[in-house]
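Presented below is the structure to which this report refers.
Lettered A, B, C and D in written order, each chain numbered from 1.
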Amino acid sequence: MIVVLKHNPDRAQLESLITWLQEKGMIIHTSIGDHNMILGLVGDTSQIDTDLISALDIVESVKRVQEPYKNANRKFHPNDTVIQVGNTQIGGGNLTIMAGPCSVESEDQVVAIAKAVKKSGATMLRGGAFKPRTSPYSFQGLGAQGLEFLKVAKQETGLPIVTELMDLSQLSLFKDVDVIQIGARNMQNFDLLKAVGRQDKPVMIKRGMSATYEEWLMSAEYVMAGGNPNVILCERGVRTFENYTRNTLDLAAIPVLRKLTHLPIIVDPSHATGKSWLVEPMSKGAVASGCDGLLIEVHNDPAHALCDGPQSLRPEAFDSLAKQLLKLHDLMSTLED
Amino acid sequence: MIVVLKHNPDRAQLESLITWLQEKGMIIHTSIGDHNMILGLVGDTSQIDTDLISALDIVESVKRVQEPYKNANRKFHPNDTVIQVGNTQIGGGNLTIMAGPCSVESEDQVVAIAKAVKKSGATMLRGGAFKPRTSPYSFQGLGAQGLEFLKVAKQETGLPIVTELMDLSQLSLFKDVDVIQIGARNMQNFDLLKAVGRQDKPVMIKRGMSATYEEWLMSAEYVMAGGNPNVILCERGVRTFENYTRNTLDLAAIPVLRKLTHLPIIVDPSHATGKSWLVEPMSKGAVASGCDGLLIEVHNDPAHALCDGPQSLRPEAFDSLAKQLLKLHDLMSTLED
Amino acid sequence: MIVVLKHNPDRAQLESLITWLQEKGMIIHTSIGDHNMILGLVGDTSQIDTDLISALDIVESVKRVQEPYKNANRKFHPNDTVIQVGNTQIGGGNLTIMAGPCSVESEDQVVAIAKAVKKSGATMLRGGAFKPRTSPYSFQGLGAQGLEFLKVAKQETGLPIVTELMDLSQLSLFKDVDVIQIGARNMQNFDLLKAVGRQDKPVMIKRGMSATYEEWLMSAEYVMAGGNPNVILCERGVRTFENYTRNTLDLAAIPVLRKLTHLPIIVDPSHATGKSWLVEPMSKGAVASGCDGLLIEVHNDPAHALCDGPQSLRPEAFDSLAKQLLKLHDLMSTLED
Amino acid sequence: MIVVLKHNPDRAQLESLITWLQEKGMIIHTSIGDHNMILGLVGDTSQIDTDLISALDIVESVKRVQEPYKNANRKFHPNDTVIQVGNTQIGGGNLTIMAGPCSVESEDQVVAIAKAVKKSGATMLRGGAFKPRTSPYSFQGLGAQGLEFLKVAKQETGLPIVTELMDLSQLSLFKDVDVIQIGARNMQNFDLLKAVGRQDKPVMIKRGMSATYEEWLMSAEYVMAGGNPNVILCERGVRTFENYTRNTLDLAAIPVLRKLTHLPIIVDPSHATGKSWLVEPMSKGAVASGCDGLLIEVHNDPAHALCDGPQSLRPEAFDSLAKQLLKLHDLMSTLED
């Protein structure tokens, strides 16, 4: 950590700061320039709140050198985290395809889609029972009943389930859920993160609409600090000035996170773009950029979907895409020969 | 609502769409151009989900003409909402100054600050008991005990309290709280919005980090649709590419919201800028732009604040500022003479 | 084009507007709702300035249905534009690899790099002679001499040259340049666009730092409206709140532009990310998403490059990458079998 | 300047870096931590290109402590720059109101508006002769003839003129122009900046659509480094995800720039918001936040303006506003009593 002091700092305040930092176990190196004095802090700075220091009258700015996350940090955990879910593994060189409807609408619907996507190569079933909707007047999901329908689809196909938890009060209903999804709007719902940190199920955290990589990893850190090491990160686009697409899909997140963390990285091209015709090219781009999996919306009747129809693929289109993606994933490893 | 159809839409699908819209009570006007056909929908479109329609194969795009919010819409409620809190009113031409520490740290601290800010002209006491922090290793607030200290400060000064609710599980502790604050990170925590919509306390909703005006008003709509008409909106800056300031304070939100909604509008220059020396000029700008109040962080010892010290004013600086703001607010009404 | 009128518009003003629009050749359809009246305009609306109409007292908003660009619009030119440059073609299913140093530094440097990248599979040589630098104190490029060195490299290798034109005054020096690059900061330098629209050389327009797809295509339209049909679009990332990478590379631009326009689409992963270790994964992602080519920085000694060293690949790293990309490009067409 | 090295840097490369920095006159302080080694550079770092250093294999990141601009830096020029234009002064406690049409349309128009705005209190006349327009099919301004009309208006009213220069080729026509405006799209047209740096007229630089404060000040530095000290900065909003307003007006720019630089700061609420009804509240906010002046569009017939009508005020509305702003500016100085 680097503390840049203002010109001519008060001596007494400076000594008080240095003493306080030394008590926290820091070793301090000072550089004195013409206009600024700099303190270089050496030690475990992850417990030091930069806000506290930057509030001091004598301090101009504080800059971290070490990342503020530890459990999620590849520096301290060099090996990839591989997460076992049912018979499938997320991470470790696999391509996990999670597919299914945005919203669960009926038992028939979700079972039919589950069977179709399994046949096409999907290894997990996604589907929303509790839906975060911008408008109170939009369909809010089937709730508990939706979870029951997902359970039936799981029994019929063997596909593990990933579905969104919106509030602690729903947690008791999630017994048969295999992976808990935390939605983009809840990425910094810290009470929810703490709660899922106490569960023994894997947690998939979607990137917040305008979350930096570091904030996203700090949300993973909340879950991991609670004792749950099985966190999956899901890129779903960020908000920018461009609104032709719903969000701007940030595929550079894949290699960046690969470097910063050991956690698996999934990409959701459906929500990111909001347009079904963009799902194919962006899925291919994501696989070629090295993601561990994809989260794709599939609906048997997009035009009558109760939610997010415009971005859903029909089962036939998904079938063609899934096969291409699995093939592309295999081919990627042959490029370097 | 306007539905732009693709070139040469399938006749059967088009008729099916028109019939479905007519069943929803819409009257439909069609315009046929060289490249596109347009449907103009007339009627109460707030219950129609644009996603459903844009998913259709024959549809190119859907555009709303009417706002999707009703309870929060000035068109349907032309008069300003004025909210009574204790002896003070928010809205209706008053300038409400909410002041206090970012975090409640001790009884002595919050009582001392409360007394000081009351003397300077503040009409409400703010202070965080439950704190949303990016890092699990940062101070998370005193919780229930913090609320107790706020209650003591309220008893000693008579100032009503505004404090943040982060999770439903905390609601039972909020009996003595006067205004429930929903933080920026929870602006689209829809379960929380529904819950506070069932309370009989006013709710202040901070703008999400990258929330549009419409999304923000839809969050207000969630609370109002639940039966609670007393919603206050708080602008606290949005996230942009510029990171010299913590966020970019959007003061145009004041006159824009004034036009779109009848709800009171508060500005938080402390969180928006993250720098105490920007609080004065931005508070003055906010008052001159027509806000109903300000939310200002005051700390007796910013350098040792457990949270957000860099943006807090000392009581003496706040005293000078509050007096200037109240004077400026009075002067604004004399300008047009 | 759709004109939404305010509630109860003045009759005389409305008639005057309708007459004016009819004189412009528009056919007008009206829809009258409870709160708004809507005019649907049918005809060639590309010549109508939406600003003029939205300024009227009686108008609430104006929305375009047709895109404002014509020459660049795929609707009117369904076939892909293929641009011949020397012995190579840009577009039409080829993968064009443009490689070379950010800045031309010496004859030896650029000739050596040109030979290396040609051997690796590059089909064009890139290199900056005139450099747009944020600071007046940074190296500004070799200028005319740099162009001479590029010319030598072209003679030695046969690789066509693409290099940036910053100002009209430099145009006379560009005789031996094969493709004129317009930089991101000049994307809306309209006088420059008009000038290159009068040239008979292809023009590659980099996307502005915060340009929408439509604005970018309007810049292409400026060049094409001047009589030059050979425009190439180059995605180089947009500015967002995330600053771990220099910019946020928007690979969805590839399929979106593919739909909107017939012009070739190149991706620059070097400038977009600003980090050499991100060039490989993002190049692969770009190829898999369907781009027509890549613009990659290669430097024989990145640590002593006079500009943008951190994002340059060494020739050996480029050699491995270029071969992988050409292989990947071939494989992509086999996926659908 | 702080250089953070990677873990276990190569000794030879490290010594080579240190020697090179010492040759540039830097004094170097080193801090060795558990995971990183840090170099603190002391001396005149403004001539050192951070890119060069961050390209080194052994370097993890480079952070500036000193700002990269000197001429524009308040640290080195503590006193406010006050610019004399005709009989009026910009900066130094004055409120300069620049008003006029977006585009000059005819002699009658601009003379009439000039007379009106002068009467209302404007001290400078603004008006566009060369207009940057997104579409090649929109009105591009009257050009040289427009400058002639502005000259007539200046002769009739005595108001100095500020108008936009889009390209070097137009410079010879600017003899009677008092302040040269560089538009937002040209903020990083470095050749244009260098050219106006050689003129003896004041230059007003509008903030680029997504320019940081530092980039904006570096553009001022280009002009000043060329020998022209008379630079004015004009905030006109930045591009964000919110598109209800054309841009997001960043009024915090006023006090931030006040701290960083000694140059005068003008605010353009007309272009920033794109809506005439927002001009009044945002102008008031700007004055209360401490700006040195405003740039306001006034048109005698906004509904028939050839450009940007929706954001123009009618002369009567401007008259009321200008009087209020001058009164508010006077009152601001009385608040602290």
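Rule of thumb we're sticking to: contacts are C-beta pairs under 8 Å (C-beta built on N, C-alpha and C of every residue); 3 or more make two chains touch, one makes a residue touch a chain.
These numbers were taken from a predicted model, which means no experiment stands behind them.
Across the two interfaces under comparison, C-D and A-D, the one joined by more C-beta contacts turns out to be C-D.
The chain with its Cα centre farthest from the Cα centre of chain B is C. Chain C has its Cα centroid 31 Å from the Cα centroid of chain A.
Separating the centre of chain C from that of chain D, both taken as means of CA atoms, is a distance of 27 Å. Remark: chain A and chain D have CA centroids separated by 39 Å (rounded to whole angstrom).
Multi-chain contact residues of chain B (touching two or more other chains) are listed as 210, 239-241. Residue ranges of chain B in contact with chain D, taken from their complex: 210, 212-214, 238, 240-242, 244-245, 248-252, 254-256, 259, 272-273, 277-278, 281-282, 284-290, 320, 324, 327-328, 331-332, 335-336.
Chain C makes touch with chain D in their complex at residues 46-47, 49, 51-52, 54-57, 68, 132-140, 166-169, 185-186, 188-192, 194, 208-210, 215, 218, 221-222, 225-226, 239, 302-310, 312.
Residues of chain D that touch chain A in their complex: 2, 4, 27, 29-36, 38, 40-44, 61, 63, 65-66, 75, 210, 239-241, 243.
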